[in-house]
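Below you'll find the structures, each written out as structure tokens.
In the two complexes that follow, subunit A is the common piece, with subunit B as its partner first and subunit C second.
Take a look at the complex of A and B:
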């Protein structure tokens, strides 16, 4: 039965997808690089948090707080050592390199953690809920959605109010001219990827607390993130949140009709938007 | 002072290679008389992978359309075969062709969506469509839904030509089937490569190269860039559909996960083309050979094999973007399938 409850669940799920999408969007916006390993990096961060929780007995949020700078380092090194070498007008090298990275990550995780599906244990938070009259909302989905809004606010603040954001925008518009002004584009790109992987860690925390994951679940997260970005319109983070909500609601409504239709319904919604509004709902002018 | 000149594509090495290639094809036809069934099965895998690699190479290497969704057409072709053979009792060999046709028909709406997405987004968009195809096929209960199905035993047994091959080579029925499927794989791989080569040597191939290098400039000199993109996409879908049908006719067992596997039908294919040399016809051949050598050496290491393959792909893309064939070509000055047009002066210029 599709009720108000189904819709609200979908909207909150959209927050998770917006978290998946923000990192992807950040990297694409600054260096025109589509990272095909994005989903696998989310899963990788999920395992990192899980190690903190199950091996060292940390609280999941504390574990994510420790994982975040590690992931920043991973992004920094990845960008300087690999991705900066393949940036350029030809789209083929970055796509193939990140696709290779995706395959490497998946199989490394498979060798290390086996194919068993895992979940980050969260204790009472898993079932805690807030009653809002018409329905009761899970505290965890609410927290996810709130984090998505916070991440978007912070990203927009960094982008438009700080020196780092100015550098991001400068290298995005014209790296050559930016470097004349004393900005080192490769350093800025490394910072951007590092920052994107911090967001990936936040996404991984909520993914891992909400649902089971295993080494092969990355590509599906990449697809949801991508769909949210395209539906929203490139370069518009609030649009991305709307995009995530559309995918989320389509999935929960699809699942309410037939559990097997959940994922399919999200993809179909994306295709319909693409058909009607090829540049997304809120394209940046 | 006038000069006589002509345009030539063939080189000395390519003329020698043409003779060699004919000999190799003839030898491949008679191979089943001399080698074991295991080798014929390996050759089947090599040839089908080569055919898929050439399809992807046409799309990405020549057309600049980097797809991560070719598994859609492999799966659709394979499921077409299972539907028409399993449900309606069609001739299995004819059904391979139908697999290609159905993949082609699906490629038309796919292209309509995908050509709205630019460059890199085309890649992920193609992946989404492949997922949609997989999830939709999993809803199709007549072919086993999410768990899949097998081909009826007697349709596999009664494949045309089986008795003739049995008598000819004095082998068992199942070995005879492997030989027939190997021959079909050989025909498919050779036909696809010939078709792509002929296409690339014609005006349209020149147009394709121009569009890939600079779509705006190509349009400005009167090349119909959109028509060329459509054609590339549809041909590679048709090819992948037929190969998919053939592969799953051999396994005789299908499931959505296997038929639409991104690892098997796209990741391997991409690594084969990239490691061998993207944008050349020689590259995928070399890539397939390297792939199978690696596979035999690393067979005991499980998924480490895929880690090594991914790493090899990245290293090649960064340090030798032209692939192994590009390195060889530069060292040896060889071209087996030349596409470059050269002006040959037939009388000496004296005014220089």
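Take a look at the complex of A and C:
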């Protein structure tokens, strides 16, 4: 039976997909780099948080707070040491490098943590809920959705209200002219990737608290992220949130009709949107 | 002398574009560079501004070799460029294009949003529009304002009047005394020989990557300049 709660669950799930997608969108928007390792970086961050929780006994949120700057450092170094070398007019080298990175990450995680699926234990939060009359909402999905909105608000503020945001957009438009403004494009790219991996950490926290993950979980998260970005229209973070919500609702409705249809329904919704609006729902002019 | 090039030999890969170019600029002086297409004027500007890198001592700014520094570093030392074709940032509004010029170097001097808007009042009217939605002349004003925002000691203008209507060119040259009123030096690359001779106190003419003629405008006759501009055959 499809009730209002099914729809709301889907909408809230969309927040998680928007979190997956925001980091991907940030990197693509600034340096036209499609990061095929994005999903695996989410899973990597998930394990990092898990180590904090299971080895050091930290609260998951505290563990994520510690993981976030570490992931920023990973992004910074990754960009300066590897990705900056392959950026250019040809889009193939970055694709190949991030694909390779994806394979390396998956195998590294498999070696370190085995193929067993894991979950970040959350205690009471897992079942806590808020009663809103018509239905009751899980506290965790609500937190996820709220975090997605907060991330988008903060990113938009950075982009359109700060000098860093001006530098992001200037470098994205024209790196050579940006360097004539005193901007170092490679540093800006490193900052952007670092920031994207902070968002990846937030996504990993909610993914890991919501569902099981293992070293091979990444590519499917990448796919949802891509779909959310493309449904929403490239370069529009609110569009990405809408995209995430469309996939989320399709999945929960699909699952309510028949549990086998859950994943398929999300992909079908994506294809339908592409058929009707090839440039996404809210394309940037 | 605030800026000079010493035997500058810039190359694009295996292609040598400049063959030992020596130019110099005094503080507050306007120097113009003339020459036909392909003479190496833009390469010279790209070398000074750091878009093209060379041996350190080939470009000297305030007594320090800067030829090997990246553009971002050279801008922060006080050389700002108004690039050929304006190169405004399409994702940024008029005001943001101006602001981005000062984000990495404020410098000390009179230039800020307020004084740039006073210089080109029309920009203030369109401040929140996308920069590339404005006319060519207005875009050139933004590009000049953007360079001024860092309060540079030297301004480089590459092909300042290329593609602009004569009336707009006059307007921009009319603003030049104000633009350079703080003792800012300028190197102006100009296609229009007469205009270049009028505005500058010293002129270099380039051909095939070399300086073919130089001197104060008053000392250069029309026929000598034409010969240097088009080559001996003309």
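Everything below uses one rule, namely that the second predicted complex is superposed on the first by the 285 of 285 C-alpha atoms of A that agree within 3 Å, B and C clash if a C-alpha of one lies under 4 Å from a C-alpha of the other, contacts with A are read in each partner's own complex, and residues count from 1 in each chain.
By our rule, a residue touches a chain if its C-beta (ideal position, glycine included) is under 8 Å from a C-beta of that chain, and two chains touch if they have at least 3 such contacts.
Keep in mind it's a predicted model, so treat the numbers as computed, not measured.
*Asks:* Which of the two partners, first being subunit B and second being subunit C, lies in contact with A:163: first, second, both, or neither?
*Replies:* second
*Asks:* In the superposed arrangement, which partner chain does A:274 touch: subunit B (first), subunit C (second), both, or neither?
*Replies:* first
*Asks:* Give one of first, second, both or neither to describe whether A:78 is in contact with subunit B, with subunit C, with both, or with none.
*Replies:* Touch partners of A:78: none, neither subunit B nor subunit C.
*Asks:* Now for A:174: first (subunit B), second (subunit C), both, or neither, which partner does it touch?
*Replies:* A:174: touches subunit C, not subunit B.
*Asks:* Is A:182 in contact with subunit B, with subunit C, with both, or with neither (first, second, both, neither)?
*Replies:* It touches subunit C, and subunit B stays clear.
*Asks:* Quick one: subunit B or subunit C, who's touching more of subunit A?
*Replies:* B
*Asks:* Where on subunit A do the contacts with subunit B and the contacts with subunit C coincide?
*Replies:* In the superposed arrangement, which is not itself an observed complex, subunit A uses no residue for both subunit B and subunit C.
*Asks:* Over in the complex, which subunit A residues touch subunit C? Could you list them?
*Replies:* 163, 166-167, 169-170, 172-174, 176-184
*Asks:* For subunit A, which residues are in contact with subunit B within the complex?
*Replies:* So the residues of subunit A touching subunit B come out as 28, 32-34, 36, 82, 85-86, 91-97, 99-104, 106-108, 110-111, 219-220, 222-223, 226-227, 230, 260-261, 263-264, 267-268, 270-271, 274-275, 278.
*Asks:* Given the complex with subunit A, which residues does subunit C contribute to the contact?
*Replies:* Subunit C reaches subunit A through residues 49-51, 70-72, 75-76, 80-81, 83, 87, 89-92, 96, 99-101, 103-105, 146, 150.
*Asks:* Across the complex, what residues on subunit B touch subunit A?
*Replies:* Within the complex, subunit B contacts subunit A at residues 60, 64, 66, 68, 113, 116-117, 119-121, 123-125, 127-129, 131-132, 135-136, 138-139, 146, 262-263, 267, 270-271, 274, 278, 302-304, 306-307, 309-311, 313-314, 317-318, 321.
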